[in-house]
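Chain lettering (A, B, C and D) follows the sequence in which the chains are written, and residue indices restart at 1 in each chain.
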């Protein structure tokens, strides 16, 4: 995670921060309150990307697998939430927890059924495996919840809040608060708890895994469960805003990849930075260039970072390309 | 690998038999024999297909088009061990090049446009491949994925080129060469069927030659251990890029044929779904198996077509769970990908081709699976 | 003298993070000799080979093969220049027969590419025939002629090592780098190995060998270089080295 | 002796697979048109983005097939709609129509729901000389070149994008009497073509476009664009797109306390918009076929009777009010059946009869096809609808 950066990192971070500041100042000065509003919006969606990217990074760091189904898991979370609330009229909070639990267990199930048995097989196998899982989930979601985008009630009703000339929906307050809590929790888990530290050690040096008492198998299972849970949480929190639709998973996943790579694949806290950055970037593009180019920019970022700095903005310099 | 490495003669056999087995090993022509038989068989299809169902020919045309790109991808995945999740983009590049040339320039020779499409795709493949193939595994997958997505996004935004707002580029002329013009698919499928499958079979021939040659061994070596291959004198970087370019050229070719045969192209024909479909075809057909690409393309095209077009006609009023049979194909493919990776990583072609031998070599199924899994450790 | 030096290693240093795996290693191999590099485990022998064959890049220092600077050259190019190697941990190609493994070795002196092979042009066919014959010859030389049709990875361990050597020899090297060829061989096989090595040397191939089996080293090598903690601590004829106090000290406790 | 080798087994495999697929497909060998029933192909988007359009169309057609055949069909012969879903995917639409035309040799084809999916079907109709009754609004469907002659074999039931745009422009000019408008359009084909039409049309009614922005089809928050609109002195906002994005826009406007009128396109003329936007939908105005509000059709006219009957029957069958898309589907069926009465089993005769449809009162309006006009309707067959507490109301102006 963070802590003692080498020189190379500091430079990158500095440059990066500089650019960020310039952009923000620009945005704020040119578009005033509108600019501020847009940036808030960027951060809002950034939270979604962050949560997805965190999941991806957790899985990657402990199993060296990229989960191409992360986006679908997220949609699945929203879908279950919708069902619990609207069909079974379960109270919101309970429905939230239930949805997350269900999806988490699905993630765990998949890990045991498909990832664990092939843990030391080639990367291609793993990629195809998770791609298969994503296709499968997409189909199931369409099958069960139908092809139309389904609306979901926001957590709390009421008029939006205004401050500094920006309009903020109540839902986004929930999202910001919740994401913050999750990030803190995850950080705490990986830095304070024995298990989390063990998983990190195991991730950094697989041979040492058994020394720190966390078997790769166990940490892989935990990682997948956590990732699925994070995805689901994101899905639930954004369902009222984005509606629930079977075909959202692909782009969610892609944005997640961009965010995760931006923050350095496997760097969980980096994923948060990456996600927020990507969110803001997208909306700055929308404001200054053209809305259609949002996605293109997000993707270009992915490619550029992959080629120039595969270890991410704050990642340590290590050749991943050999 | 079907080329050789198949027959393992018992260690006890005497010298002369060895020599024979070696001759067989060096010049195992079974692939050519199959190619011949398969070609002959495919040539007969137009004669009887329509008596069974007119949908066969159209399905086979599509299968043939996909076979061309999938065979290329199989070289990339199965032999060179590199993955690409963006090949639909190369198909698109080929398709748009061909379409634009033929529609914007009146009387532009279609066959030439087809070739140019393939070449341009290859060129872009080179430009993309050189930097991107420095990446490994997941990073490569992500980069190619992003590339593919960017392509479709660009098509959607660049209306002046893609004419998306009016349903894509239409009125693409039919393929014509030496003054003879093919009938459009809707009038008679035979013309395009022959054109496409002849090209597809030539591509298969090319791959067989390649795989059996020095180059093929180099690729398989690089797949197995890059360092070892390199120290044995295989220029791995160079090989990866070349295979990538070849697969791109084939994709471009496939795109051109798709554009000409369907008469109209638009962005959604080249989006992520197809890149993934191609991957699925490679995997289910059999990675690293010369016939895998073809088998995968045919099998999946037929499954899809039957579910999307035939089921609704057989069962007009369906129960709600069967309301959208096309979606069942999606679920099925997802499941198949997972199951194949778990139990039949070498694909149906390998699996079926072994069925016969299971009885003879008891329990070899298990052994194969274990070995296969061990192999994929590389 | 200088003209029949085939491989010259000039102050090679290789750092891993903080610590040095190789420190100012400097020696040369002259044409036709069998030189052994010995040293306790972790002395940096394999690292040295990796640096020499371009698998790893040295931090400083240079390597000359036939007076050509190959310090920054790619492995495949080095093989083409006439230096082949085997690996300490067998790296045979999966799913390929013994013969095919050897045929891959022929890459360095063949050149037909994708197009000519894909279109089976005549010259490509001719080349294939040459490859096949040469590879089969080499297999016979190492005594695997009868095993040619078997999957390399299915061979018994000893024969795998032999196959690795065959694969390296198939590239028609002028100098052969062997990384612990005798590891895991039984005495009989080791005997065969040493006679094979001598035969190879007869055919004019220089050999640089890393080996733990002192017996083998003493039998065949003309000169021995002793590495310890990445430094050359002694060099000379086997006899000289054996009595060198520093060598004995280095080996004490490790292989007493 | 290759049959000893794996190669031969592989060959066997190829054979097995192919024969297997053949056996499978053998099932769909068309029963040679026994002369019993008139086969009409239907390719619509019951799933995918255009699902909300295609589903009611399918319902209406199924209903019509049932009704017609219960009442003795056409000249005593039943009609059969072979309905295929194109999942809003042009490629699927194309292969579906190909299959219907070739293996089912249908007399005519209905569909598809969206312009994107209909275009390839138009190509096929023109090549194979099969009458196509489209349910898509894109102007290019019937008129390849602006002002040029219509596609010989292609007709349509819904009002065109152009008509909708015309209606909207008319409403802005004479209804709202605004001079400055802002446009917010979807970057997909529907939106961008609509935007082109509007940009050409509005100035002619001396209105100024003060802001012209697009949004990404999947976008779920348009606050930034709306902020730009806020910055201008626009008196009304035209939103040209299909669900769900417009509902998000409506929500945003409510949050930002924007009060200028929300004028939508016919692309949101279904209840999905109201469901998704919730109470933010209130006040939204958009063009829709008169059938949506029967009162808008003069009492006693044949058209009114048709609409009333249709609404009643549809509600009886499916328990929900039909929307305009159901009307498009129904009319396509009715027009073809009507033409079949005279033409009989002959595609080109059928085409001519469809072209001869004159003063034919259907659900969407009174159809008048001619050699020059394959759209049949005009802007007056549309009305402006306003959402008032979740319900549609006829907006007279």
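Just a few scattered comments:
Criterion: a contact is a pair of C-beta atoms (placed from the backbone, for glycine too) under 8 Å apart; a residue touches a chain by one contact, two chains touch by 3 or more.
Not measured: the values here are computed from a predicted model.
Chains making contact with chain C as well as with chain D: B. The set of chains touching chain B and also touching chain D is given as A.
Here the two chains linked by the largest count of contacting C-beta pairs are B-D. With chains reduced to the mean position of their C-alpha atoms, the one farthest from chain C is D.
With centres set at the average Cα position, the gap from chain A to chain B is 33 Å. We define each chain's centre as the mean of its Cα atoms; on that basis chain A and chain C are separated by 48 Å. Rounded to whole angstrom, the centroid-to-centroid distance between chain B and chain C, based on C-alpha atoms, equals 40 Å.
Mean C-alpha positions place chain A and chain D at a centre distance of 38 Å. The residues of chain B that reach two or more other chains are 7, 156-157, 324, 327, 378, listed in rising order.
Of all residues in chain A, those that touch two or more other chains are 142, 147, 290, 292, 295. In terms of which chains touch, the assembly is arranged in some other way, matching none of the line, ring, star or all-to-all patterns. Applying the touch criterion to all chain pairs gives A-B, A-D, B-C, B-D. Residues of chain C that touch chain B in their complex: 53-55, 74-80, 84-85, 87, 91-97, 99-100, 103-108, 110, 112-114, 117-120, 124, 127-128, 131-132, 136, 145-151, 154, 167-168, 171.
On the chain A side of its complex with chain D, the touching residues are 31, 34, 37-38, 41, 44-45, 142, 146-149, 151, 159-160, 167, 169, 241-243, 245, 248, 251, 283, 286-287, 290-292, 294-295. Chain B contributes residues 2, 6-7, 28-31, 33-34, 37-38, 41, 52-56, 58-59, 62, 156-157, 159, 164-168, 170-171, 184-187, 262-264, 266, 268-269, 291, 295, 298-299, 302, 305-306, 308-310, 312-314, 316, 323-324, 326-327, 348-349, 352-357 to its touches with chain D in the complex.
Interface of chain D with chain B (complex): residues 2, 5-18, 21-22, 24-30, 46-47, 82-85, 87, 89-92, 94-96, 98-99, 101-104, 115-116, 118-120, 123-124, 127-128, 138, 140, 187-189, 192-193, 196. Interface of chain A with chain B (complex): residues 60, 64-66, 114, 117-118, 120-125, 127-129, 131-140, 142-143, 147, 250, 254, 257-258, 261, 265, 290, 292-293, 295-296, 299-300, 302-303, 306-307, 310, 320-322.
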